[in-house]
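In this document, chain identifiers A, B, C and D correspond to the written order of the chains, with residue numbering beginning at 1 in each.
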């Protein structure tokens, strides 16, 4: 399926220069007209899949941190709305009452100032702001800079150019995209970045924290109870990178997966199991995967024994992940084939090179990666 | 038209007179025209971005192009539209308002315009070779380093900002000296018009904030050119250093954008309600308070970078403190309208919409002045909505109001009122339709600067509504251009004082003569011109005949072409830093010749006959 | 700046005399020599770091005030120039003092590579973070 | 330092300050050019404030390469501080004689100022070359070196502009002789020179004497 190219940057630049010659009106409408005409959803590789049961809304927080934030947000909004009406109503009334009547152009009484009024509308805002400031400081000192709880699960979150890596030092697990956590357990994230600045943000769990190369920022909250019955593999809470980090900043997503306690134990045990290689195509896939071990590792295979940090994500239980390419597309046969054919199709500027695999090689590598690493937990 | 004494041989009209002009009024017009042209470019950037975001998984423009448009839209609107348009008002009206023949250093004034223009052209020439800076208007550190941005795109940004900063700094020193040193006799500081006060505070902010961005840009260009490790953590550098240095400049910068707008709104509201500005001295002190506090709040842009609880708490307190003087100003504007006879001209509509929209923007700002809430709002569309309400609903509305208000004085013709009102309501509705839904997108967790989004996030409707609003605003801008050019030739002839104004510039013919005042007025009251027209109890006074004008007392500075030459030298130094070719022979060659051009024209400038 | 005091343009009488300037020159050199001497013999006179910072900084501020006050005629000029200088100095030092406090690595010292430790007020026992640059796997310990 | 790139960096080429002829009566009684120079000095407080702040933050964060205390030679730097102080004194005398309209003495002391500046630049050249050659502390060796060279290089660039300005005044005075006693211009140049000297006083203490802080 030929890759359908969007407008490539250089042609667009020349068009922008001509645009200025043609003048504002025609240019803008020309562009949007062309856009509507050529729009067709189905065969377009850039399609970003959704498919998470909890979208990124900050409104209904489910951890204590996000509930505190939303409670503070509610009090601030009420005060601020009150002030807005305290400004809007006198303004509209003044405009209505003191509009110039026809033909009466004698100058009005020249008022200069009124000390009491000035005093009032200086003190009242200060009092209102104190109502915002006190709860703000309470929430700050309740959550920020508090030492990690002893029973908290330690996770190292490392942002890379356009995917998230999660390391569990206590369980020796390295995974990507999915942050698996048991329910009702305190979590202590140490967030940093391997290259440019990113920002780790799962809106429903709580505020975002910048991932900066050379800094370790801590974020901690207590996970919510697991809603879904365990068999469905935990509830997915979507998150996305919030700091401009290059061309595929929009496609750098991660997910918080909340299991029951047993579900999490099963996941921990299952994650590092070696891949089950049964069918012939899976064996071919394993051979071809030999070319990938420079950047990727699968626990329990020879690739994991090579020392050194891997550039690419760890693919131990890749089969059981819901999405591939850091949440860009659903983890299906066809999407993985598109990715292996040319990664830059799905993620512009992706650092993974085009390996030039033939179709049969792609087929067997896909079956190896998706079936043999699949673990149901 | 009395012939003012010019030494012979200088043409009065034609391109050459514009290139060598040192008259603050012509430089003001040059600033305004170039600012409005740059606005057209930045407006197209905004339209392309909104078209791309209209629907999920849109493929009109690629990711790199979108990031380029985000950066150029932000940088151009702030540095190439709002600041120069405010500078146009400073240039044209400060000498008129304080009763001075011209600015303190006319040729330096011309120099700062030409450096600005070359800086703007350098920044926009990145389009022509397709290497548009794609790092956001504040270019955070790591992303701008050589290994993540190997092309020259970031160099365009760094050197563009460097040169624009130099232009604003030279202009700031010039205007600071003019306002404090060249006021008409009798005009004490507390008898100056309010717009001159906000100009003064803006110049102080510029003088003190620009060196910080100059140093930050030098550090970044050294990182990219000579491999020093200021922002490279591998070399012991500190990524957050850029964020700190940028926002130490960045926050005074946003007050530089809003203070002139506040001054213009105060002037328009006072004139249109035929009443003096309510609580003038309080307005002056609150402007100074905003300016001073501007240096104490920069880290509220960085609540999520892990500065620790104490820094967040202190900076949130300082940020909330700034809401107090702003609130005082808003209530003073409403009290100015109270008891007046308000004429709803287009300028008055713009000023009133500034008060309403800026209040809304300021209040949404207070929401994320508290760090916990800011961790949810930071880098989301809520912040985009906030600063568009404050910058677009605030500064741009006020500047357009200023254009409608002072167009008669600059060109001698009124702008068409009916077309103006239609254009205003298009702007007002389009603006709110575009940016009000962005608050919802922000709360629904849509991050900033993403070139596309998944269909099931719940963002589809609001993004479509925003794009609709954007096109409505574009129509409004188009109507403004129509009204602008139509009124230039066919507008109703405006006398000296179409709005029955309160300040000195309305005592001059419109457009004013090149030497401004025939005789420098002695000022006795605040709102001097109103006190010359009306007695205390509001009856028209018979105006004393203006004293006889003898042209011998006027000697105007001669036009000089050294400003444009020196500005071109500075441009050569800047571009020399990253021109490719022959190793870096061309680069060093251009920079060194640039330095020599600057040195040579500096000497020629100094020894030019005055 | 209320009344407009008559500016006497060029010919303002020079304020100091040559001898005054020579005395000041000598005092400036003496202070500089004193600073050099303190720094050179800091061990023998057993001065602690903090007192040294305090004395050296105050000596340089004395020199600063002398040059600004007399050599730059700040004392004889209009008060607004004094406000300008002290305003700029105050704001600059205030801003960059605050910046220094924020940026100062409280718990870790970059030289010893501690900056990659968790910035934990209560230093947890063994949680040295395997920074992405550090090779080797984290030891897989049972939970 | 390499090419005089400070032009683009530093605010306003000082000697391009406009050459106003008429002394317009001003509200503050201070001549426009003097007032503008003091504003430039206020702005430069922030410029050097940023550079000094940046240096103090980075001076111990160099991961590899020489440390401040291994590199600095305090004796040489004290001599260069003496030299700059003396050139500041010479500047005051030059202004004094310019007001007193004593041409020869005015020209002599202006020459002394220019020579003092050149000697200071010589010291700086010597210091930089020993750092680069002897201690291989190049511009990009480590973060300490980069911020040190940025700070002292920017100050050196300002001294260079000052020296060029002084030479311009000297040459103008030599050519025009008795007719040219523009003491306002000399005073403005003096203000610039004293400020550059005062900044060095602070840099000398903060950089060279705070090595063990």
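Observations on the structure shown:
What we mean here is this: a residue touches a chain if its C-beta (ideal position, glycine included) is under 8 Å from a C-beta of that chain, and two chains touch if they have at least 3 such contacts.
This structure is a prediction, so every number in the text was calculated from the model and none was measured.
In summary, the chains found to touch both chain A and chain C are B. A simple rule picks the central chain: find each chain's mean C-alpha point, then take the one closest to the mean of all protein C-alpha atoms, which gives B.
The most distant chain from chain A is D, comparing centres defined as mean Cα coordinates. Here the spacing of chain A and chain D, counted between their Cα centres, is 50 Å. Chain centres here are Cα averages; for chain B and chain C they lie 34 Å apart. Chain A and chain B have Cα centroids separated by 34 Å.
For chain C, residues that reach two or more other chains under the stated contact definition are 1, 4, 80, 88, 91-92, 95, 99, 103, 110, 119. In chain D, the residues touching two or more other chains are 26-28, 30, 35, 39, 42-43, 46, 50, 57, 61, 63. Among the residues of chain A, those in touch with two or more other chains are 145, 214-215, 217-218. Residues 1, 4-7, 9-14, 16, 18, 21-22, 24-25, 28-29, 32-33, 35-36, 39-40, 42, 49, 52-53, 56-57, 59-60, 63-64, 67-68, 71-73, 77-78, 80-81, 84-85, 87-89, 91-93, 95-96, 99-100, 103-104, 109-111, 113 of chain C touch chain D in their complex.
Chain B makes touch with chain C in their complex at residues 180, 185-186, 188-189, 208, 236, 238, 240-241, 244, 248, 292, 295-296, 299, 306-308, 311. The touching residues of chain B, when paired with chain A in their complex, are 40-41, 43-44, 47-48, 51, 54-65, 67-68, 70, 127-130, 132, 134-136, 140-143, 148, 233, 237-240, 273-276, 278-282, 304-306, 308-310, 312-313, 316-317, 320-321, 323-324, 327-328, 330-332, 334-335, 337-344, 352, 355-356, 359-360, 363-364, 366-367, 369-376, 378-380, 443-458, 471, 474, 477-478, 481, 500, 534, 538. Those residues of chain B that touch chain D in the shared complex are 104-108, 111, 159, 162-163, 166, 169-170, 172-174, 176-177, 180-183, 207-212, 214-216, 218-219, 222, 226-230, 235-238, 241, 245, 248, 555, 566, 570, 573-574, 577, 588, 591-592, 594-595, 598-599, 601-603, 605-608, 610. Residues 1-2, 4, 80, 88, 91-92, 94-95, 98-99, 102-103, 106, 110, 119 of chain C are the ones that touch chain B when the two sit in their complex.
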